[in-house]
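Both complexes below contain subunit A, partnered by subunit B and then by subunit C.
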Partner chain A sequence: MSSYIIRKFLMLIPMLLVISFLIYLGMELMPGDAVDFLIPPDALATMNQEQLHAMREALGLNDPFFLRYLKWLWGMLHGDFGYSMQSGVPVLTLMKNHLPATIELTVTALVMSSVFGIILGVVCALKKGTVADQILSMIGMIGVAVPQFLLGLICINGFSLHLNILPVGGRMAYAGQTFLERLPYLVMPAVVLGFSLTAGVMRYGRSSMLDSMGKDYMKTARSKGIPEWRVNFLHGLRTAMTPVVVLIGFRLPMLIGGAVVVEEIFQWPGIGGLFVAAVRSQNTPLVMIIGFFSVLLVLLASIIVDIITALLDPRIKLS
Partner chain B sequence: MKKKRLIASLLAISVAIGLLTACGSGGSTSTTAEVTTAAEAGAADDTSAAQRTPETTDAGTPLADVRVRQALTMAIDIEAIVEGLFEGKAEVAKSFTAPGEWLNPQLADYSYNPERARELLKEANWPSDYTLDVVYYYDDQQTVDLMTVIGQYWQEVGVKAQFRKLEGDLAAQLWVPPADRLNGPSQVKWDLAYAAVAALAESEFYNRFASTASNNSTVPKQEGLDELITASNSTMDTAAQINAFFEIQKFVGENQLAIPLYHQVCFIYTSDKLDTAGSKFGNDQFSYEKNILDWKIDRTDKTLYTNGGPQEFFWYPMVNPGYMINTELVFDKLINADAELIPTDGMLAESYTVAADDKSIEFMLRDGLKWHDEQPLTPEDVKFTIELMLKAPGTNAVASEVMSAIAGATDFKEGKTDSLAGVIIDGNKITVNFDQVSANALAVFSQWPILPKHLLEHAVPETLQQDQFWQKPIGSGPFKVDEVILNNYATLKRWDGYYQEGTGNIETVHMFASGENDSNLVMNASAGNIDYAWSKSTDDAKAIETIEGMNSTPANIKYTRCFYVNQFPHEPNIK
Partner chain C sequence: MKRGLEKKMDRILHLEQAGKAKRGIKNRALRKLLANRLSILGIIIFAVILIMCVFAPVFTSNSATKVDLKNILSPPSAGHILGTDKIGRDIWARVLYGGRISIAVGLGSALLATLLGVSLGTAAGYQGGRLDGMIMKISEILMSFPQIILVLMLVTITGQSLWNLIFIFSLTGWPSMYRMARSQVLSLREAEYVQALKAFGIGSMRIAFIHILPNAIGPIFVNVTLSTAMFILQEASLSFLGLGVPLEVATWGNILNAAQDLMILKNSWWVWLPTGIVVTLFVVGINFIGDGLRDATDPSQIG
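Moving on, here comes the complex of A and B:
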């Protein structure tokens, strides 16, 4: 197994290279460059080409594409991730400032959705066909179908503007923030994000649990006289979890870029908003680092999922 | 396992590409924003294209005929558009200049008259198979709606048009002038461009029609116009300026060198909790005296809530000195201005005198001025700021025109001298000498703030905005930057070192992060989290007017939306 993991990690290197190049290329193919977004369009009318050229020169935008990519790669390899084209702030600082907010939001939503999703999924499977199952399945469908922005706006309208019990958005308390002071700001975005994620886990959990409940080894376990809850939870749930874990595992990359919509609606100062702004303003160094880490997380998640499935299901061997 | 690995790689790649494209398509980078009115969609058939190909070789453009430009104007019922689309929250433009004492009352009348438009087009032999290529660069829905409506009006007089949104390097696509300013050919590839001019001074509307303007991509050299423009720029006397602009307006109007459409207004939103002590509201695109130190807020935390907090940085003021309220509160100018942006009394300068020949201004700085970091503010800072404005790209056109008129500016810009000869310091007195009279000098000194030399002297002018100073700037205004959480919020604290005290009670200004357009403004106002804000969006105004406890006051701004008409010879873009 260890040789498998080492091989997988070595595979990461060429893949990251190719993908980073693709992202850089994608940015290059978009019309315009960072300078076009530094000056508002109406003001551009009064600037001449020499001035714009000087700004591009100062930002290193006049170099050919491959040279810029290689410079970026060289910097990366030396731990220099570059500076934001817009603000001149090191992109690592920007990540450091925005990541905690996103992680706070996405971890809460992920944990919430995984726990509730698994519990409710199992309940549905065990109570298959009952009213409870049908109601939960329906809520699950709603969770999948209703877009996050709609749910978000409904919540803001209800809880903030009418009931006035939660703030409309943002993530703030005056200097010396504590988690408890921030909590009211977290509730709505985390619940909205969590709700749509729960539905998926729940439906996966239900069908996978149903699947494993019909398996022969369950009958064997029962015939051995093992109590029903032990049969369900130790034998049934463990194998049923495999596809659920795959699903949750592949949600890990969400930790970085997965909450764009929710962040926008709730004015949440996370990576999502930063990333959207960076793409729109052609801020290549910033897009590269966020894209790079998102991709890295996707690749890592796939390795982690492999390992966990092997641990969960004795029939899977990593080789 | 092989399959899984393949799936994982594919997933990673698709996430990477997906992230890029998903964000791109939502934003200003969309490449499919072409609007074609329903009726004309089928009109551009193959036969017309085939017929027209031969005539393109004789160059020229039907838009060079003034009758065509007049007809295009008269075909648009702009009054109906203002009433319908903008719900009356804009003003019909007869000229670039907004109604008032600066507008010539006797200008050519191009009110809606489709019959006359058809006649003019007929007289001008308008080629009926020609399709106008109309470009714009705003990404709001209102612009798309406006373009659609105008397309239909033109359709009614027999003019076909296609509209497309420009992406990327706008300056290169819109404003590059031809080498030959009389005969062209055109360096830009469109017939009409929908644009806006946000002017501090009238000259910003008209200087661009001069044959020497670096951004005149549309108007060939006109007999006598350059002289009129030069005359308007070389006097500081208001009456003489008004007369000069009357002449220019008449010339531009008679020849319909461009098509002014409407003047936009700005809306200033205040909450019932705020008492602005009778201050007059005005053009919030720029700075003017609001007497904020006298404002009273009915909140226990003595905090005024507003927007415009920094997303990635505090805006450097060279492009827009007064757009963000934080620039206005953190930085002081040499002179103050009133709500009409007319320079008034001194600010950092206790007094100022303009020489009899208008070619020099003396500023007398107040004693004991300080920066927020307690360093002294000296005439050296003033000189440094002027020099920086000459070197930083993006400095607003009016400001850079004034700065360039200072004696020795050319040598300084070209690096022949490392000190600007025209700015002379004598104790607390700063004298600025001009090579030629610069009409807007006082207006510029009332708008552009003085920056601290000790914190910015090592900044690279070309990348001034990227200097770390703008993460938490130090100024000399009535409020100083306190807490900054970028892209979230920032607070300003009343500064006890300011030269004035005021009678108000606002201790803190809390700014929610937002850019030029704040998409959260209405929501935050609904939640009672906005005491003062402004925007140009009629949608914002409509929504905020319905919120209890919020008020909206319209104010006139020199912001004119128009079509520039490409009169230089060019091949039809749509074949």
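Moving on, here comes the complex of A and C:
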């Protein structure tokens, strides 16, 4: 298994090289270069072509394209992700400032929707055909279709603007408050972000659990006299979880993408909001670097999903 | 004691013997689709919204673009069924006319993505080799991006416009179609009838497109419907953020964009809630149709 994991990681390298090249190409396609952004417009008017040329030469902007790419890549490997075109702040600093909020939000949404989704899915499967099952299935069907921003708007409208029990948005920067003080800010964004994933996990968990409940090993376990709850939860649930974990892994990109919309609606100061602001202001370096890291995250997550699946299901052998 | 299914069979047998059996639709997939209550509901929702948008002038006499500053943010009334927005435009008219654009973007992008993905998948899947491997890698790369992030990255490069959005959606949507078509072609490439066709000397592209591809028509339809729903949602999300279709064009997302203003969100529900419900209903409808189609065309399910 460890050789499988190592091979997976090694296969990641060429993929990331290609993606980084495409991303660099994307940045190069934009009109204007660093000189245009480094020099204020009034100063630019007073400089002649030769001075500009000398500056480009000094910055290495006249090098062949591939050489510039390699230099850029080398910088990336050393943590130099370039500068924001808007503020001139290093991209690395911006990312560092915004990352904790995003991690807080997405991890909460992920954990919440996995736990609730699995519990509700199993309940539906065990109580198949009852009213509770039908109601939950209906909610699940609508849950995967309702647009995240609409759900967000309805929640803000109801809980913040009319009932006044939750803040409209924003996040309390961490400065010694208790978890409970910070919680109200997190509740709505996390629920809205996790809602469609919860619905998806629930639907999938239900059918997967039903599938596993009809298997022969369940009958064997029952015939051995193992109590019903043990059969369902230890024997049934374990195999039923494998496809659910795969689904959660597949939906992870949607969660990361969804964070972009949700953070914007709730003014959550995370990477998603930073990304939207960067797209609005055509801040290409920032957009491309955030894009690059989202891919990296997705690829790493897919490897982790592979490993978890193998650990869960004794029938799967990684090789 | 007879079980439910046996009773049903008995009833059908009885009807047949009495010569009263309904000779319904021949096509099994269509028959199964129409027997599915949820897909019927989906088709009705889809058809109603589509017809109202296409024949918008029949359902509203108001203009979607006429500004009426004396009449801003007025609540629903007889003259304006859904009230007016912050520069006095009729919301109901905007929902109908905007629906045209939103549906066109969703359906158009889904069809373009399918055309691109399916032709590449069929051709490359049948030929195999270098080209196939390369396209496969490209699709893998495109699919490893979270969709909305990739779309926004491309929006920064191309700039915002209606056509750019359709182009970007198609560009980011084809990989799943490609994989689906490719796997279908691969599973049939070595089939005996294909060997026979080869023996007759029929050209390989002709075999791939005319004799293999039609087998994949079911999954292709399912994919078109589900992609349409996805693209409509994405257009709405992007336009809501102000990053999709330029604001002067009425689309569902652009109508909802007004709700970013907290005052409108709080006091003028008619600006955003009905539009949001229409989008959700339309997407739910398409999803129902897609699910029904999947059940109906999947040969592993007999019925």
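Operating definition for what follows: the second predicted complex is superposed on the first by the 252 of 319 C-alpha atoms of A that agree within 3 Å, B and C clash if a C-alpha of one lies under 4 Å from a C-alpha of the other, contacts with A are read in each partner's own complex, and residues count from 1 in each chain.
In this section, a contact is a pair of C-beta atoms (placed from the backbone, for glycine too) under 8 Å apart; a residue touches a chain by one contact, two chains touch by 3 or more.
Please read all numbers here as calculations on a predicted model, not as lab measurements.
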Chain touching more of subunit A, residue-wise (subunit B, subunit C): B
Which of subunit B and subunit C A:M288 touches, first, second, both or neither: second
Partner chain(s) touched by A:L274 [first = subunit B, second = subunit C, both, neither]: first
Touched partner set for A:A145, first subunit B, second subunit C, both or neither: second
Contacts of A:G257 with subunit B and subunit C, given as first, second, both or neither: both
Subunit B versus subunit C as contact partner of A:L22, first or second or both or neither: both
Touching partner for A:P167 - first (subunit B), second (subunit C), both, neither: first
Contacts of A:L52 with subunit B and subunit C, given as first, second, both or neither: first
Set intersection of subunit A contacts, subunit C complex versus subunit B complex: 15, 19, 22, 26, 30, 156, 161, 168, 253, 257, 260, 275-276, 279-280, 287, 291, 294-295, 298-299, 302
Complex contact set, residues of subunit A against subunit C: 15, 18-19, 22, 26, 29-30, 141-142, 144-150, 153-154, 156-157, 161-162, 168, 253-254, 256-258, 260-261, 264, 275-276, 278-280, 282, 284, 287-288, 290-291, 294-295, 298-299, 302
Parts of subunit C lying in touch with subunit A, wherever the complex brings them together: 137, 140-141, 144-150, 152-153, 155-157, 229, 233, 236-237, 240-243, 256, 259, 262, 265-266, 269, 272-273, 276, 279-280, 283-284, 287
Contact set on subunit A toward subunit B in their complex: 8, 11, 15, 19, 22-23, 26-27, 30-33, 35-36, 38-49, 51-52, 54-55, 57-59, 83-89, 94, 97-98, 156, 160-161, 167-172, 174-175, 250, 253, 257, 260, 267, 269, 273-277, 279-280, 287, 291, 294-295, 298-299, 302, 306, 318-319
Residue ranges of subunit B in contact with subunit A within the complex: 1, 4-5, 8-9, 11-13, 15-17, 19-24, 26-29, 31, 137-138, 167-172, 174-176, 195-198, 204, 208, 214-215, 311-313, 319-320, 393-394, 396-397, 460, 462-463, 465-468, 470-471, 483, 485-489, 512-513, 516, 520, 523-524, 526-527, 529
